[in-house]
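Down below is the structure, laid out as structure tokens.
Just so it is clear, A, B, C and D label the chains in written order, and each chain counts residues from 1 on its own.
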Amino acid sequence: MNPIDKLAALFEKFPGIGPRQAGRFVQYLLKQNQSYRTALADSIKKLGAETAQCRQCFRWFAVEHQGSSLMNVCRICADARRDASMLFVVEKDADIENAEQSGYKGLYFILGGTIPLASEEPQKFIRMAELLSRSKKSGLAEIILGLSATAEGDHTRLMLQEKLRDSGIKISSLGRGLSTGSELEYADPDTIKQALGNRH
Amino acid sequence: MNPIDKLAALFEKFPGIGPRQAGRFVQYLLKQNQSYRTALADSIKKLGAETAQCRQCFRWFAVEHQGSSLMNVCRICADARRDASMLFVVEKDADIENAEQSGYKGLYFILGGTIPLASEEPQKFIRMAELLSRSKKSGLAEIILGLSATAEGDHTRLMLQEKLRDSGIKISSLGRGLSTGSELEYADPDTIKQALGNRH
Amino acid sequence: MNPIDKLAALFEKFPGIGPRQAGRFVQYLLKQNQSYRTALADSIKKLGAETAQCRQCFRWFAVEHQGSSLMNVCRICADARRDASMLFVVEKDADIENAEQSGYKGLYFILGGTIPLASEEPQKFIRMAELLSRSKKSGLAEIILGLSATAEGDHTRLMLQEKLRDSGIKISSLGRGLSTGSELEYADPDTIKQALGNRH
Amino acid sequence: MNPIDKLAALFEKFPGIGPRQAGRFVQYLLKQNQSYRTALADSIKKLGAETAQCRQCFRWFAVEHQGSSLMNVCRICADARRDASMLFVVEKDADIENAEQSGYKGLYFILGGTIPLASEEPQKFIRMAELLSRSKKSGLAEIILGLSATAEGDHTRLMLQEKLRDSGIKISSLGRGLSTGSELEYADPDTIKQALGNRH
């Protein structure tokens, strides 16, 4: 394959990118100068060396040098001002950004996904052993399961509730109901059922 | 105006209908036979005589003859099997359909809208006096405020909570949080904040 | 069926209207006063008596009284300033509005549709006999086939070209190519092929 | 800026990519292994060295070695089977793909854009001098101006027609009219005007 088509094929693997947009990316890069392309290439190549997966919450973070030693936990996990008694279990790194903007001040745990409904090997899809191990560390008062309000999310939530039942920690789930901005007329019956059940 | 354009202008007032679709409606009617058009016209003309607004919940319903007397309350309000201790306050008739599908078994009250944020005459926009009057009837244990999760809905909810505070009835609001089918990554921070606040 | 659901069912037959919007139309009508509903009903009921299908172009028009006699052709067909040597064959009444805005000054003929690809009885779907008869009237110099740029439109165009071949009238088709506002990058290959073929 | 945010900022400059999708690209890359990231980085870094801009049509192409010498024209320009008497002037590289699928067999010239309506220095936006120079080479019988059917495209076309008027070469433009798949009812009046003007 020629270098133009080869690079387009690599971009086509990016999430949400089809062949037309992949081709446009390559055209865009062809029109940039070499120093830009080199900067982008270096950023991609060094990404692995300059980032690490947090040993505590499993999200990816930029490594920084503190004196002679490397950090091995992320900024949030290392922040003594966060409420270490609360653990917000979310599916992926991107979920943290919205949660941070909501004003949440506890810690996080990246589950890595959800369990497909018919799966016989749930541990393949999520960090179940890691979460159980994390739940045994001292200081946790509550684990909030922040899973998608979908069939797979519910399935995963139920499985985690069962696994964590004997942990002695309060296991809670995100409230379900009307999302901000929504109207009753356009809400589906299940959302109204949840909103009625969670009325306050 | 000629009858084709005149009818199109009447259809253009229908909710959500622009000039192009209004014109298409007229073309559709021109191609139907006269008996169809007469049936539609009669249905529209008799709508007022064959319907009534429920004296209790204010929704529109089809009047039926029971012996010599007309019903003046709707089927739901007249149904002795419904839980008459619960009153679900909704904005408009269309909200009832989804609520019924959610499995709710109490009664309803159609508020008629929401109060604009800057309004000095809130009673112009909603049935506030009628709701206060309804709250004084015996047998009500809980009023559920089923308002839109919008700024106007919140404004209306707060005003109703204040007005109903001394009624001796429990005043509740629909739960806010993740709507069915939604994912954390695409939820807005306020919805996550509500979902965290309503965790259970 | 009760009158509310019955009227919603009639609106649901309107082109492009689903059950939710049909219900909203009825709610809208319930909130109007009786005089509005009567006006709408009368407009619909009288539509048949106040309109006629033009005997020449077959479009629907509002009948007007001229002295003692009714018009039986539409305003465009009756307009002596129009160029009676040109006949623009279009599929439906709604096509005329755009054509008029384009500045076209000849006459029209409403074909009534297109012929499905596999049809064995094409005369069932379009006014073929009426068009042939129209083509035999004196004064016509050109028939412009204004059919959709689709497979069915092309099929119908080819069939009409064959039928009209021996009429002695010039039979033309609308130009194909880039539509106003379009860019080459987003044009499909067939449109580019047509645009190259029709270059000038 | 940390390497994760820095790479996201670089992706955000890609055409059509907002901050959310840029972040998703980085998350995608974090989850790939280092060999994949290295392959992508190398593809980007070597893009400049492995491609060249065709000296004849100005599109980007993958350089190949032929004996001891590098090619300096692209495959299409070098292909003796193409019709060298026809030159299709298009705005950008991406336009060629659709044109090739349309069955066009002549040569191309990448103009590099269109001229803004109010521009006083048109030569800044398009390869006007290069096109004039190209038009003077022997063998050209026709130049097809394949510009967007927009105000800027028309402006550019008129300016090029004027500049090329004395070249002795036939200057043509792409046909305008109904694009494949379109219906008269949804066509804008200008498209119908063009389609009537280009009827055949």
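Note that in this section contacts are C-beta pairs under 8 Å (C-beta built on N, C-alpha and C of every residue); 3 or more make two chains touch, one makes a residue touch a chain.
Model, not experiment: these values are computed from the prediction.
K.L.:
Spelling it out: a chain qualifies if it touches subunit A and also touches subunit D; which chains qualify?
P.N.:
Correct list: empty, since no chain touches both.
K.L.:
If you average the Cα atoms per chain, which one ends up farthest from subunit B?
P.N.:
The most remote chain is D.
K.L.:
Could you state the distance in Å from the CA-based centre of subunit A to that of subunit C?
P.N.:
54
K.L.:
So what's the Cα centroid distance for subunit A and subunit B, whole Å?
P.N.:
Whole-Å distance between the two chain centres: 39.
K.L.:
Using the touch rule from the top of the page, what residues of subunit A touch 2 or more other chains?
P.N.:
In subunit A, the residues touching two or more other chains are 92, 94.
K.L.:
Linking chains that touch, what shape results: line, ring, star, complete or other?
P.N.:
ring
K.L.:
Considering only the defined contacts, which subunit B positions touch subunit C in the complex?
P.N.:
Within the complex, subunit B contacts subunit C at residues 2-7, 10, 14-16, 21, 23-30, 34, 37-48, 50-51, 60-62, 92-94, 97.
K.L.:
Can you tell me which positions in subunit D touch subunit C when the two form their complex?
P.N.:
Residues 88, 90-92, 94-95, 98-99, 101-104, 144, 146-150, 153, 172-185, 187-200 of subunit D touch subunit C in their complex.
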